[in-house]
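Common to both upcoming complexes is chain A, partnered first by chain B, then by chain C.
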Partner chain A sequence: MNQRKVGWTHRSLMLLLMIYLLLPLLGTFLYAFAKEWQTTVLPESWTLEWIREMFRDARFLDALWTSLYLCLISVALSLAVMLPAVFVITVYFPKWETFMKGLVVLPYAVPGVVAAVGLIRTYSSGFIDITGTAYILIGAYFIVILPYMYQGIRNSLLTVSAVELLNAAELLGASRMRAFVTIILPNIWPGVIISTLLSFSVLFGEFVLTNMLVGGHIQTIQVYLYQRVNESGHLASAIAIAYFVFILIVSTVLMKLGKKFNKVVGR
Partner chain B sequence: MNASYLELQGIRKTFGDTIVLNDVDLTIREGELLTLLGPSGCGKSTLLRCIAGLTELDGGRILLGQKDIANLPPRNREIGMVFQSYALFPNLTVFENIEYGLKMRGVAKKERISRCEELIALVDLGDKRDAYPQNLSGGQQQRVALARSIAVKPKVLLLDEPLSALDAKIRKNLRSEIREIQKRFKMTTVFVTHDQEEALTLSDRICIMNNGQIVQDGTPESLYSTPRTEFVARFMGSYNVLSHMEATRLFGEGIGSAASFALRPESVRLLSVNKSTNEYDEIAAGKRIIEGTIDSVHVLGNVIRYVVETTGVRLTIDILNDGRSLRTDEQRVVRLALDPSQLLQLEKEGA
Partner chain C sequence: MKHRTGWILLGLAPFAIMVLAFQVAPILSMLMGSISKPGVPGFTLNHYDKIFHSAYYLQAIKNSLLIAVYSSLIGIIVGLFCAYSITRFTTKIRDRLLMLSNMTSNFAGVPLAFAYIILLGNNGVFTLLFKQWGWDVFADFNLYSWSGLVLIYVYFQVPLALLLLYPSFYGIQEQWKEAAALLGARPWQFWRTVGIPMLTPAIFGTLGILFANAMGAYATAYALVGGNYNLLAIRIGSLVAGDIVNQPEVGSALAVLLALSTLLAVYLNHRMSKRSQQFTASYASGSSSKRIRSRKQQWNATKEEVGT
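So, the complex of A and B:
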């Protein structure tokens, strides 16, 4: 009896939380399909006009594509650099961890606007003149997702007690590289996938840095969305919903891929 | 058999300012099971990790069959190790875990399979061969770890507190299994533990370590019966350690010049006050009779442990619980028969 009661409170709390989280999304969703929505609780009439208009605008698909490949490149670059780096630091130079922890929270400490101004000033002249190009954006993105990647990879390594596993593998005759590939990588992969996904979503929704660094030159989905908000609320809602669906699809695919990859390596 | 199969010479290791291993010399015979016994922080695990190559030495040599292996990476040392936390590979099945070392050494597939099957049968895990480590109990995991490390036929097997994470019953079973397997394959084995009972039942030879040094080594019998220092006496059992003054009060003059003495709790006999007949026998046997008061009584199972206060000294006395012994009340006066030949002189610490 008692247990059922607890389960019930639990469920209603979960439901409340879901409503709280999903209500804005639902509102946006309805607005994207509404034709007349002034004085009633629900829209008076429906239309697909906004969606159609959105897809008719070539800039939308362009922006979506730009966002996608910029984020993918940044995350892939981060993965390629951070995975070996964090592994080496955690396993062989644990003393450096304090330094890394400090370094990694810096992106939080510096507000986006400040970072953007600093980056523009630094890279608008001299040897590296890359302001307004995709390179500066990828560089900035790398820093933005640094905390997520570092923490995610490090925590996975600690959870599987990578040092012990590595020691055991080495004593059994494996070289360090081979031990890393056959033992460490398959075991930390699920955690790494999660941090990759998180980083990807964060970048996809990033606006301040992007707008300031390359706003006039490169249109990511967020920059495009910002421009269209002033034109029509309905259209902006449609874009937001499309963006949400897109993120959902990408996440699902990545998640599935991660599981599959994990199984292939594991067996 | 080789008299000095694995030889450690002047092993030194410091972490920062603390000396963890202070000039450790140790010789291990082929096929011998040697236990490193000591309290936590005495350096025994570090010594083991030095042999395995997981911790770098600050000085000294490690000779395995006449070859200095101190500068070889762990994978070339031909040393197997079982960790306290098992360190099984979670992404591999029991079979694949055991196979891993053979695979890394490039053993042909057919041979790998037959060797693995043999080992799985040895540790009695036939029905678990395709299970993943997280689905096994602690005892089963440790068996897999054991099988995995002996699969590659290492020259020396190192066991780092392999049983301390298991509960008492499984610990005892696995303990005798390890000993059996070790004897069957004549594996040269170094076993690390802080549990003196484990060390006594398992070992051919025990090295007691304290503060980064080996303070005494010998067979289990000799270590238990003749501890050389106070530390060993206290660590090996519930020895009564007496200062010179206390020993003189109990045994009279002429006991020797040592600063401290050890008295085995089971060497003292309890006599009830009024049975004077066997008291004469005891005196005739050269024993001293002393009166004391019982402070507390504990039944430990096959042994009853009395704490007796006599002439200002508290003595622990163990009597075999044979059903006839008196389950005496506390605060009762009893007579003790002390045997001077059982009193051991202890050396100064670090001598």
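So, the complex of A and C:
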């Protein structure tokens, strides 16, 4: 593609956009390391005290741990359930795809608040009373990441032509189960890892469902941050920045993997 | 054969159970709740009637609609210009810029509200700075009000609009611009008669997503103003989980209304993205034979649009 020289209008527009988008981040970042910051453009003095305090805070570490294991369990459960299901649908029932597409777009289209209303109504009374427990949250998380997992697994299956691979394996005498485990799984693995990481970062940033369903009982990093916002500004910025750095690492890994995977497939 | 059906069922069963239990059942329960009489069996439309006759709930709906419309429109206008700009850069710089905007689109909800409080809140860095410099223009600005909410909503709409819109600019080919210029059209004439009509499906589709995104946004507003600002999502949250637990049915009815609005917007996006796919297909597909075919499709789609 031949590109002409980029004009100054485009340059300055992009510069403005980047300033606009990065300013809140930068502000939080500076605030996390600022000792005195009242009436100057940049902080007057710097300190690492807030970062240190954050790591000394038992509640922060607890919340981080809770977030990590809840997200891990949910993503693992989703993998265990979705891998066979999407495989079966793609291979045996390709006609269901339209229906499935409608089904997995629902979590996108139905806002978290609405989902929380339904979940609370269903599970706060009667014979399954699991409101406020981790079970309801894991179930809700499963639905939140449903679109990402479905699309990721389905696309990987399609790019490696799973049906043809499977037929070839059967022709050579492998059982379905064996073909799935030894041929399909290793082939779709890179794509599946990408959607797993994406789901993980989505769940890590989840606040609405967590706060409404289990807010009083289980503290994830988002709920903890919400409670801290009104207490100490500096400490909260340190937490926000730590959270953001984590998300940044996950998304960088995601992008690297995505590029690698595309190369492998494109070969 | 029987052996195989067993495996298939075993593969699908957990998925079906999870979806039924955590997606279908809650939605059904919410729908039932919104039309059930509290305490006694039977159906009623009283809750909806109550909402549409209550100034309080109507205001919440109106506020939500207004903030969604405003932030989506501002987002799409800024997004359009920036998306065009971004396609002018080389691929390398473009990818960097896209990565940065993608990164900031992760910065939503509680951390975002918090960042704005630091910068522009009552004791925010800029608030104090402007006061010291004596810039009165910003004295009326209040982050915890309508204008502050719009500002924050626009912040998370712009990167989304940009990311959704920029691919469709590749559907507008350089040759068309040259052809138009050769025939004596000025740039603005080209955009008015060719460029913008080509982008229309993508614009409306993106508007649908932005609207749904703003309607359903809860965390940002909740973290910023708590229950103080009357928005539909916040109202639902406090009716169901908060202090006023006596009217869960009204909460369900409000939730049904909110879901209807976002579903409608996403449906609009679905319809429109089908159209704009026909426009941008030539960029996405690499091979020339495909390109020719999709050009034909574009042509048909354009004809269809002209015809209707």
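What we mean here is this: the second predicted complex is superposed on the first by the 218 of 267 C-alpha atoms of A that agree within 3 Å, B and C clash if a C-alpha of one lies under 4 Å from a C-alpha of the other, contacts with A are read in each partner's own complex, and residues count from 1 in each chain.
Rule of thumb we're sticking to: a residue touches a chain if its C-beta (ideal position, glycine included) is under 8 Å from a C-beta of that chain, and two chains touch if they have at least 3 such contacts.
Since we're looking at a predicted model, the values are computed, not measured.
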Chain B versus chain C as contact partner of A:P186, first or second or both or neither: first
First (chain B), second (chain C), both or neither touched by A:V81: second
Touched partner set for A:A169, first chain B, second chain C, both or neither: first
Which superposed partner A:I249 touches (first chain B, second chain C, both, neither): neither
Partner chain in contact with A:R178 - chain B first, chain C second, else both or neither: first
Which partner reaches more residues of chain A (counting touched residues only), chain B or chain C: C
Contacts of A:L158 with chain B and chain C, given as first, second, both or neither: neither
Interfacial residue positions of chain A with respect to chain C in the complex: 1, 3, 6-7, 9-10, 13-14, 17-18, 20-25, 27-28, 31, 37-41, 80-82, 84-85, 87-89, 92, 103, 105-122, 139-140, 142-143, 146, 176-177, 201, 205, 207-208, 211-212, 215, 222, 225-226, 229, 233, 236-237, 240, 243-244, 247-248, 251, 255
Complex interface listing, chain A residues touching chain B: 160-161, 164-165, 167-175, 178, 182-183, 186-187, 265-266
Chain A-touching residues of chain B, taken from the complex the two chains share: 52-54, 73-75, 77, 79-81, 83, 85, 87-92, 100-101, 104-105, 148-149, 152
Touch list for chain C against partner chain A, complex: 4, 7-8, 10-12, 14-15, 18-19, 21-23, 25-30, 33, 78, 81-82, 85-86, 88-91, 97, 99-104, 106-119, 125, 128-129, 132, 155, 158-159, 162, 212, 215-219, 222-223, 233, 236-237, 240-241, 248, 251-252, 255-256, 258-259, 262-263, 266, 270
